[in-house]
Amino acid sequence: MASDPQSAANQRIVEDLVSRLRRRQLVGSRATALETLLVLRQVVSKARFSNIDQLVNIIRSVGRRLVDAQPKEHSVGNTVRKVLHHIREEYHTANEQPAAESSFSIAKFVLQGQPRKQATIPSSESRVLLKENDPDDPDSFARVLKPVLMEAIQDVFDELETVYDNISKNAKDHIHSDEIILTLGMSKTVDSFLKAAAHYRNYTVIVAETAPSYGGREMAKSLSSAGISTFLVPDSSIYALMSRVNKVILGAHAILANGGMFATSGSLLAATAARSYSTPVVVCAGQFKLTPLWNLYHEYGALDFGDPSAVLCFDEGDLVDKVDVVNPYYDYVRPELLDVFITN
Amino acid sequence: MDDFQIYKSYQRLLKNEDLSTPLAAILALTEMMEQSNAGTMFELLTELKGAAEALSRQSLNPIGLKAGCELFIEFITLFPHDAASFSELKTELIRQGQRYAEQALAYRAKIAELAFDFIKDDSVVSSGFMFIDWHDEIDLHIQILTHSYSRVVLQTLLVAHKRKRISVFVTEARPRGMGIKTAEMLTAAGIPCTVVLDSAVAYAIDKVDFVLMGSEAVVESGGLVNAVGSNQIAIIAKAANKPFYALAESYKFHRMFPLSQYDLPSHNPGVLSFPQTMSARARPASSGLPSKASSVLSDNGSPIRITQEDIARNNPDVDYTRPDLISLVFSDVGSLTPEGVSQYLVGMFAG
Amino acid sequence: MPVPEPESASAESQSLTKAQKKAEGRARQEQQRAAKAAQKQQQQSGQNAGSSSNKSKGSTVQKKPASESNKIPSAAASSSKDAPTTREGAVGADGLSDGPKSRGLRIFSHFGLPKTPGHQIKGDIHPAIVKLGLQFSEFKICGANARCIATLTAFKTVIQDYVTPPHNTLSRHLMTHLSPQITHLVTARPMSVTMGNAIRQLKLEISGSDIDLPEQDAKDALCQEIDNYIRDRIIIADEVIEDLAVKKIKDGDVVLTYARSSLVEKILLRAHALNKRFSVIVIDSRPLLEGKTLLHSLTSVIPPIPCTYALLPALPSLITDADIVLLGAHSLHANGSVYSRAGTAMVAMLAKEHSVPVMLCCETYKFSETVMLDGFGKNELAPMKFSPDAPKSNSNLEVLNPLYDSTPASCITAVVTEVGLIPPTSISSIPLALGRTTL
């Protein structure tokens, strides 16, 4: 494999993304999802394989390296899983096996429930025949399947491209006139959601600064430039203002299998404060953030820590030596604190 | 009077079945005062404080006793000095202490009357269940202490039984198992009662109308300190929306503020510790012995046996019930909310 | 990167429903993109609404946003049930109207604007008060205790320099002399509850001072009273509180605190002096970042107290490590709620959730007989100098830095006062706190 010039090129683009992920030059779930998809498309288009297992293995190994580079960036893994799913699906449709369909076993019953009267289209129609492991022409399999796969990847692409619009399209049903919304951090999803609602509704947003990244400041600038009445407050006043807030709208980093989520640190505080005032908490997130994982480390958000100098800068020289500084990136928010997820 | 003597007189007093620890402590202190040759108020107070200290040091569970000592010393400190001589004042103080102990015995009847009003009349069908956790004082003389302490709940139940039909669940209350004793006494009085396991409280709670709990001390937060298990019963009662009533004579009100279970004076590192040394200890003794086939074996082949005593040693005797779990506290000063208790205590001591 | 050729896609959609759906989805997405582009164009041109609705054919669901944003009043009103303000919303979105802002301002108007230093001096203000006013408004003197002590000390100077005008008595006239001084301080920064309580006590002393006393003696007596007040209600009270609170810190404990309370700082230093082995987590937040001052003093003792420092959003990660939470207070209210530095409420809330005991350290003179239901009713804003990096306010954006919040009594385990540990709701039953006993 390594000697192959094409796979060497693949290696290079994978390495490039890996290092950018590792250095945190690439942040934001959607951006990483898009980049991952680009790499996968490249890999698939250049890869040489003669059966489905080879292809799946190639993608898996690429996926593993990307995930290892930044295990907390769940959208990488999600994207890889999604692509794999599409590839398998395309493969199965292209390579229909009526024999397997008809058999009805207990295991299958357990997995899929009652057999449905699905119109299994007779495979007699003109289908491109897939030949796996053809010794004469090892590339024939790839040649036939690749266009289909590229299309599948394109589908994922399109979904990612339009994710903000799709989430925002119902914004006006969630935000009503004269409401006061609290949000925090910088989330593109929430930003576009709020802006979409601003076309129809007249409302006020309170943005918490979200130390130490102060992403809230950016968010406040962006929202106010779109004509939304915006108040920027420090994180400390979330509780004091919560009694006047009608709704808390949060972005997510990843939504987990149990309905909890990883989100910018500060989200848990806001969600807990909202709960004590019975204020609904709405989470806006694209489907690519749905992660089939569980959080085993409830306490330390995602066990991912940022640069301590953002919290206590090195000007405070004498302090830095004596003091432990903690700056976690993410909070884990339990499912019972969240009311609604809005996805595309 | 030295430390040993006061403890002895305290224990002798406790043999009286009607006396609970705070009252016994007060009487022990008055006995000490009788023998004391302190010449000034200051000397007397120092002696009293020393004696109270000695008592709580020698007692395994000093919480109730401390409440009594504290009340008595506070009373003496604030007692108006209008007696002609110090010895007269001392006699007066002793008289006051003894009179209080006598009066205090009547408090239970008063509490029983107060609590009685909260027991719904259900004369047709005996579906009015009461749920009682047996609370026991922990000391060397279990039967006496328990008995005396149990009086307030027992008395309430007996009063209720005379006029209303009640039946009672009594928890076993491990590790002392004093619930069985209560059950026996209730049965003897003709009150239908059943002993439930401590682990079966959640199972039984839906059949119950309310929970009636005695207490060892009522603390300043408005919560109560009582035999271990009270806290979990309170939590279960809260979850099932059942009222949780505590009964306490006012001399059990204690100026103490536990922040958590582990902030109780009875907590020590031995409680809930892991017996790490056990396997090390067992190894040399049992290495040569062939183990019984049925018993669980440890790494080195020696049988592992955990006895009730082992469990009791590692476990707390009392626990702390938070005020927000308590519906009402019946005491001789009235039916108080937990907040009311704390306000009463603050008013009494924080002057 | 070339997009796969369309022929395979069409082959798919012929044979399979799934693929058909997928193709549909793609078509829809493309439509959306088209609609979005159209919308953008529309916004630029700002007119000609009808054409876009014709342009984007097919699924109506996706079309709606595009058409509505193009300000067709009838379409918008019919599609959105409760949107009578659609037009205004759209206008607001253009950034031309400042309607939303003025509405927002109304909610926050009672917070008052942060005072600018060097405000007007009206009337006969004593130089000590002028200086103090400046120190208040610049947050050089900050914290309920420090402000109260500084105020009382300044009043001592004022009283000593005061001469009763002829045909007047000190007990009647001194207060009229002090009133403008107090007003001056209040214009510098809203009065703290502690100052209010102390001044009320001072008024009582002044009106009660003997008319027959020579003026100098009366003034000395008043200064003595002030000294007593500071000593009994603050300094000795603090020492008692330190004793009580230190008992609750055990070896191996992790103490969590928020921002900086002078009292908590003293407690921690005392515990350290008693050779207790404990570590401290300091949680801090903008605008004031007072925790750094606390860190300095905790780490400058020998050996330094092991400290962890984090900002408020990191609190959920650290609260589980804590064994006890120590907090300070600005004032304590009749319903048991605690008015304290903004962020305190969230620390207490989270501690309660993790059943970590919360001890609030507070002298009884901080008690206020008023009821406080939330931190919104009464608050104060920090001056902008504490947020130099924040974006500048404009017609739509306003930067607010509330200084306080209110913690409900249910989140506080115990209040440590000089009369002992009490539940927050019982503070009103302490006669001392009500000022019924004179010292």
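What to note about this one:
We just call them A, B and C in the order they show up, numbering each chain from 1.
Note that contacts are C-beta pairs under 8 Å (C-beta built on N, C-alpha and C of every residue); 3 or more make two chains touch, one makes a residue touch a chain.
The model shown is predicted, which means the values in this text are computed figures rather than measured ones.
Common neighbours of chain A and chain B under the contact rule above are C. Between the interfaces B-C and A-C, more contacting C-beta pairs are found at A-C. Set against the Cα centre of chain C, the chain with the most distant centre is B.
Distance from the chain A centre to the chain B centre is 57 Å, each centre being the mean of its Cα atoms. Separating the centre of chain B from that of chain C, both taken as means of CA atoms, is a distance of 44 Å. Here the CA centre of chain A is 35 Å from the CA centre of chain C. Partner chain A is touched in their complex by these residues of chain C: 1, 3-5, 8-9, 12, 15-19, 22, 25-26, 29-30, 32-33, 36, 61-62, 64-65, 68-69, 76, 80, 82-86, 88-90, 92-97, 99-101, 103-104, 107-108, 285-287, 292, 295-296, 299, 304, 306-318, 320, 341-343, 345-346, 349-350, 353, 374-376, 379, 387, 389-391, 394, 396-402, 404-406. Residues of chain A touching chain C in their complex: 38, 41-42, 45, 89, 93, 119, 121, 125, 127, 147-148, 150-151, 154-155, 158-159, 161-162, 165-166, 168-169, 172, 176-178, 180, 196, 198-204, 209-212, 214, 217, 220-221, 223-241, 243-244, 264-266, 268-269, 272-273, 276, 299-301, 311-312, 316, 318-319, 322-328, 331-332. Considering their complex, residues 248, 324, 355, 357, 359, 410, 413-414, 419-423, 425-426, 428-432 of chain C touch chain B. Here chain B touches chain C in the complex through residues 220-222, 255, 257, 259-260, 263, 323-324, 339, 342-343, 346-347, 349-351, going by the rule given at the top.
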